[in-house]
């Protein structure tokens, strides 16, 4: 076993070992410390993996079953960032519950093991070069996260968990059917590299059917409208760190699975119109649905969830535009993940303080909770696409790609939806931020340095990315775009 | 040879049916650990009834009197074209399968209108039930027969029975299995056996067959009794022709197959009646629709097999 | 061996129809278990004659795994959650059983039609694709037309069985590890659903999905 395959194995198995570790630790406070340390170690391993990818090119392990190329490395980057933020935050968030006594040691152990279990199967999805194994990973992700939603079993959280597990299981089973169709179209096994290398000789009719099933199947997990119905429920009922991981990474990972099939389908069909048109349709439909629901949404976590539907729609549109659009979509994924994670983390903390997620009942957030209030407000501002943050830049790139391809009708819908979302989000946010805080003599909570870092660092990162893109990131993005389109 | 064949055919057709009912009753008695009535009890019953006189309601017309006789007559006609010891009947012709089913329906029709004619609301209810379930059963019967007719290419007994692939009948041809199951279900329905109707009960609001014939007495009821036993014989005969390979000429083997097949069906019904309970009246349409949908499945398979 | 395969597939379709028409929860689970155990023989019957020694071991493993999971473990789990959720009333469909049975018949016809249209290259048995699609479609029908959470799980199971049948077309292409992974996922999925049903019944005192309507908008 050489160095790089050892690294892959360690990166895959470390979270699984950590999941077992959480079961051994019996004290809640210890478990959350362990989660923090574990996420940091995992992030370190991830960076080493990406580093060695830059040095040696694609890494392999277990025959050709596990493989890291630029696209998976890029998603590994997003994954470790989101998990690191959410894990550090989890300690702060649940600390309050431990003090109130509403979180038992047993529940904490369950959370910890499911948390790392989720991380481990998500890693499996990104590392697997076998499309069947990738499917197993995604389905396992669904199952592992179900009880994270209903960590505190209440009627509403159980309803959300039930909808989530049933809808997503059915969706993912359809994705399996799509995977089987890919298998039927091909004479070899389900190895992605082999399929991608001889995509042009695959049966185009079967590949078309396969792609439809895959798009609907994985699209359910992505939350593309009209398959998004589980998404707002699950996000609103899950604890904040879990919602952050859902929006920040899990849905993007399902999108990653769809992306993996793009070069194969395009190669088999002979042109990319088929897959692109489908993606554009689902993308614009998701944006439209999300825009309408955001306009009348007062629950902050549901609002953020619908914003996720919108942004995944934007990503789908970027992929559907091809070329520069793909580049923009990948860049947008990173920006959205970081920003949405910050948004959910802030919203969760505010929800804990106010005891509600209804924006009408939490006025004056900036005065009462300076750090988290500002974090929520800024992340909402960034999410609606304000300059000069990175989300604005990636959306601008998508608009440029649409103009280049003369998709003016699409552009009209795109901009209209963005406009509606802009109005909807700001009208809710402004009233919450600048309203009068309840009670006359509320002292602002003392600001915690860790909190400031947790909110400030991602937002600063988004500002920097909006102005200047570091060279390694550009290289990652360009190479990933090349993998997906075959063009630089 | 031909004369002998017709002679045996007629003897079996006319004289054998009451024995089958007696046999089933005997099987049921044995299963229950009882001695039971004689195997020939139904013959005695018919003889006794024929000797009696009849009482007619003042509202009944000649239709009421003609009903039982016409029912028996149409069933005897149906029995003539149904093959018995051989894989075809001497009186068979192209399309005789359809004609057979319609003669059957005709018999049922005369029974229904004679029940309606008497003007009793109770019998009217029975007739309405008989008509409703008869309709469902007819649908299932026709589509079940279609499963067998499609591969043969003709609705004729001879071609259907010669086209059946006897060597690989069971597993290789699930469609035929479905068809045979549905034929059994139709047999149970049309002859008012369990689990559709209980032949042992009398004067119950859930009955179907018994309700229709309550006002018939004496010789009329003898004909009703005879025609219902004939009906059972004919349907059992139809079913076993789909299950067993009958020779094309009159042989001892054919007679033996026929007798053992029909008695086998008798044992099956007897055991079935001993172990099952009657369905609730509301569930009977569901049972028959289920049977029909099973034939849809069979038909799909039959069609599919024909495709390249 | 193909005659036996055809027989198994027809039995699978007929069991689908039976589950749609049955009004008793327990007989639905029994029928689903029967379907699972019949389907467990499918891989070895389909491919056993032309497989090498190693492949035979694979086939046997898949067969045993399927039998264990679909015929024993999952029915056991479901019976337990029926007991724990204390389901007193039986199947309560949104649409009547007659109507859903007729709809199921139409779905069977559609699945035969689909198999003619898709034109998969050389399926080993002509009934594989119709049986697979009728499982998928009827599974969907049950999931959307029933009120009880547990009947939705039965629908999901039938749906999965349909996909399992479809997977048999590609035996040589799907590695053993993936097949077993799929089985494991299914098992854990049903387990998760079972636990969720248990929690739901404890919190709500019922498992009617139609009354899970707190989350809107």
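General observations
Think of it as A, B and C in the order they're written, each chain with its own count starting at 1.
By definition in this document, a contact is a pair of C-beta atoms (placed from the backbone, for glycine too) under 8 Å apart; a residue touches a chain by one contact, two chains touch by 3 or more.
Since the model is a prediction, treat every value here as computed from it, not as a measurement.
Seen from the C-alpha centroid of chain B, the farthest chain centroid is that of A.
The most central chain, judged by the distance from its Cα centroid to the centroid of all protein Cα atoms shown, is C.
One simple way to say how far apart two chains are is to compare their mean CA positions; for chain B and chain C this gives 37 Å.
Each chain gets a centre from the mean of its Cα atoms; for chain A and chain B, those two points are 67 Å apart. The mean-CA centres of chain A and chain C are about 31 angstrom from one another, to the nearest whole unit. Interface of chain B with chain C (complex): residues 168, 170-172, 174-175, 177-178, 285-286, 289-290, 293-294, 296-297, 300-301, 303-305, 307. Remark: chain C residues 118-121, 136, 140, 143, 149, 152, 156, 159-160, 163, 166-167, 169-170, 173-175, 177-178, 181-182, 184-185, 188-189, 192-193, 195-196, 199-200, 202-204, 209, 212-215, 217 touch chain A in the complex. Within the complex, the chain A residues that touch chain C are 130, 132-133, 135-136, 139-140, 142-143, 146-147, 150, 153-156, 158-163, 165-166, 169-170, 173, 176-177, 180, 183-184, 186-190, 203, 205-206, 209, 232-233, 236-237, 293, 296-297, 302. If you check the complex, the residues on chain C that touch chain B are 3-4, 6-7, 9-11, 13-14, 17-18, 21, 97-98, 101-102, 104-105, 108-109, 112, 115-116, 126-127, 130.
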